[in-house]
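You will see subunit A twice below: alongside subunit B first, and alongside subunit C after that.
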Partner chain A sequence: MKSRTTGSWTPVALSADLPVGTVIPARTPTGPIALWRSQSGGVSAFADRCPHRGMRLSHGFVRGEALSCIYHGWSYAQAGNCVRIPAHPGLTPPEAIRVATRQVEEGDGIIWIAADQSATRPPRLDGLAPLRSLTACAGIAAIEAAAGTDASPGGIVGFANNSQTIRMLVASLEDEQALIHVLVEGDASPPERIAASRAAEALRRMAEHIQRKGIA
Partner chain B sequence: MMIPNAMVDEWYPVGLFSQLDVSGRKTALMGEPVEVGRDAEGTVRVTSADGRMLPVCVRYGHIWTSLGEPRKPLFAIPEADQLGRRLVDVGVVRVRCSPLRAVENFLDIAHFPFVHTDILGAEPHTEVQNYKVDIREDEDEVWATQVKFYQPQAAKSASGGVTTEYMYRVPAPTCSILYKTCPPRPGEWDVITLFVQPLAEDLCDVWPWMALFDDETSMTDLIHFQQTIFVQDRSILENQIPRLLPLDPGMEIPTRADLTSVAYRRWLKRHGYTYGAQLVAQ
Partner chain C sequence: MKLYDYILSPSCYKVRLMAALTDVRIDIRAVDFHPGAEHRGAELLALNPAGAIPILQDGDLILTESSAMLVYLASKVDPRWLGGGTAEEAARVQQWLSFSHRLTASLGGARLHEMLLRPGDIAGLQAQGTAALRELEAGLVEQSIRGMRFLASQRATIADIACFPYVALAPDGGVSLDPYPTIRLWSRAVRSIEGFIEMPGIHRLHDLKPEPLPETSGF
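Let's look at the complex of A and B:
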């Protein structure tokens, strides 16, 4: 599924929210994923379900270059293949045991997931840096209506707030929800960052109001 | 509502007998509201929303009933009547999961080091040795025997790590009985049960109950120990996808350690015990 705003790439999380050796849940238009960063820094995106007993892998733990399920400790390498079944330490797991993986790219402080095997690269942010992420119970159209402007081809909605231009990278989720990543200039001052964060929250409230009233 | 399922004629727990007072208890069974109470003579009554008097049985600390017509009495636990055992009403843990997934998790030992870390298991002692599983045709029960596992603290009465031996029994689709090495009394088995009340296909009340040889530990500590374990299990059970238990192969991949689960699923399917289950056809 292609997003109207960012092509086949979905910005799912900020690099800063995924430290080395951790796993977090993330949402995409095609279902939940477990996003994890190995000890050496590599980011991987797995379908959020262990093929053994269906447990969410985003509840698991990272050791070295593998993600382990919290239920029985089955471990998966970055390619998605199972490398260890603790109940049977002497067993080499069969090739058939693997988790579905998603193509992932990291750039400008954003982690992107491709809807399919994409040959293109995710869009660049041109000197902007991500500040924080928010989820809105509103679709892209409602966010655009609240901002009074359409999203750019790169998926950015910009609007004026006092003398500052606030920019938000938006991606649609299922159930008329959207993920918003607030962007600021790389050299923005702390007061400007705080103002951008508050302006984005205000815009989210307005977009959710528009969504509820069905105006957009 | 008709439940198109063989499970309707089974017995299910609907509350602790010790906690039934004059005000009664409103609860639910397989999507139907039921009310548990006592009549003027003190006899326990369970009634459905349409005023039907349901079958009642009081056993193993709990009140049992059925929406259908049970074809046999509630399963026997001979150890429950053995002198010297402490009978422990653990209480209830509500879990947003299929009642069948709750039972399957109870039959699983491979998760001990990861979910009940430093209590029922600990790395690097993760190996599950071969054990025996069979469906006993005469009793129509699933049994797993010769199950052994290294445990840092197998029971409230245990001090230090031991290799514990287990036997598991599934006498009814949402009930399981665990027999476990009894540290203070070698030669006897501690009995720990899991009685699951199906509220809906994806929601259940879990009523653990125990019959132990332990004269030392306070009742509070015994209950607290089991509740700790079941709350840890809940963090798993509420995050499995799909919520319903897949009975057909293909959706999930078992390994040798899962032989009890494989037999349980096969037994459920054979009997048409599919309330809380997912079939390929669905």
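Let's look at the complex of A and C:
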């Protein structure tokens, strides 16, 4: 499924929100994923479901180069293959035990997931730096209406607030929700960053109001 | 020092956690909160007429508000937990201590509704809880822009301990924590503090410890 704003690639999280040795949940148009970064820094995207008992792998933990499920400790390498079953320490897990993996790319401080096996690269941000991500209970149309502009072909919505313009990379989620990644100039000062964060909160309030009233 | 405690209460856990982090020994007196409603019995009403726990008793001093208990433990043992190096920091500690009561009312109320079937407007409680989480997320984003990992300062204070438990247990009340990346980083930072202890529903970070070795001997 392609997004109207960002094509085959969905921006799911900021690099800074996924430190080394951690796992986080993320939403994509084709289902929930567990996004994790190994000790050596590699990012992987798994279907957020342990093949053993269905527990969300995003509740798990990362040790070294493997992601472990919180429930029974089954561990998976970056390729998705099971490498360890703690209840059977002598067993080499069969190849058939695998988690579904998704194509993932990281660039300009954003982590992207491909909707299908994509030969293209994710879009670039051209000097902009990501500040924070927030979820809005509003669709892209309501966000565009609140900002007073349409999304650019690269999926970026501009919003002029007081003397400042913030830019938002917007990804559509199910249930008329959207994930907004706030972008600022790479050299923005701390007060400018705080102002941008507050402007994004204001924009979200307006967009959700528009969504509730059904006036987008 | 005696704590009238219930293992599943996030407010009681605040005090147990603070005691563990400051290395204070407290005597635990388990209260049959559910299903016994012992907190509304004569013995405990004599200590806290409001009929609530935790209650912290140290000699003549009887405390019935968890924030006051955090202040007491920190003041007694390690005042760095009080924060307050600057006027701004002191105010932020108070701001988030007061805010923590909104977490108790909203996320805590939703949790009581879902876990102990306490009557209430669940949709309203969840909406208030979500609003509080958004406010916390925005506050933590601003702190991280200022170069600070915790609510009031670079190091954790009683404000973090006051807010952490009800936030961490929000999913018990049907409120997801998935949409809050900065709360997630903060929760990791709190759970990484030396001396951190768990409660049911809030686990430690397994990745901070090496992988356990398989048992070498059989039964």
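The criterion applied here is as follows: the second predicted complex is superposed on the first by the 216 of 216 C-alpha atoms of A that agree within 3 Å, B and C clash if a C-alpha of one lies under 4 Å from a C-alpha of the other, contacts with A are read in each partner's own complex, and residues count from 1 in each chain.
Heads up, the rule we're going with is that contacts are C-beta pairs under 8 Å (C-beta built on N, C-alpha and C of every residue); 3 or more make two chains touch, one makes a residue touch a chain.
Nothing here was measured: the structure is a model prediction, and the numbers come from that model.
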The answer to whether subunit B or subunit C touches more of subunit A is C
Touching partner for A:97 - first (subunit B), second (subunit C), both, neither: first
Counting only touches as set out at the top, which of subunit B and subunit C does A:71 meet: first, second, both, neither? first
First (subunit B), second (subunit C), both or neither touched by A:51: first
In the overlay, answer first, second, both or neither for which of subunit B and subunit C A:89 touches. both
Which positions of subunit A sit in both the subunit B and the subunit C interface? 70, 86, 89
Using the touch rule from the top, collect the residues of subunit A that touch subunit B in their complex. 48-49, 51-56, 59, 69-73, 85-89, 91, 96-97
Residue ranges of subunit C touching subunit A (in the complex, touch as defined): 134, 137-138, 141-142, 145-146, 178-179, 181-182, 184-185, 188, 203, 205-207, 211, 214
Subunit A touches which residues of subunit B in the complex? 108, 110-111, 113-115, 123, 126-128, 235-236, 239-242, 246, 251-257
In the complex, the residues of subunit A that touch subunit C are 13-14, 17, 19, 21-22, 24-25, 27, 58, 61-63, 68, 70, 86, 89, 131-135, 190, 193-194, 197-198, 201
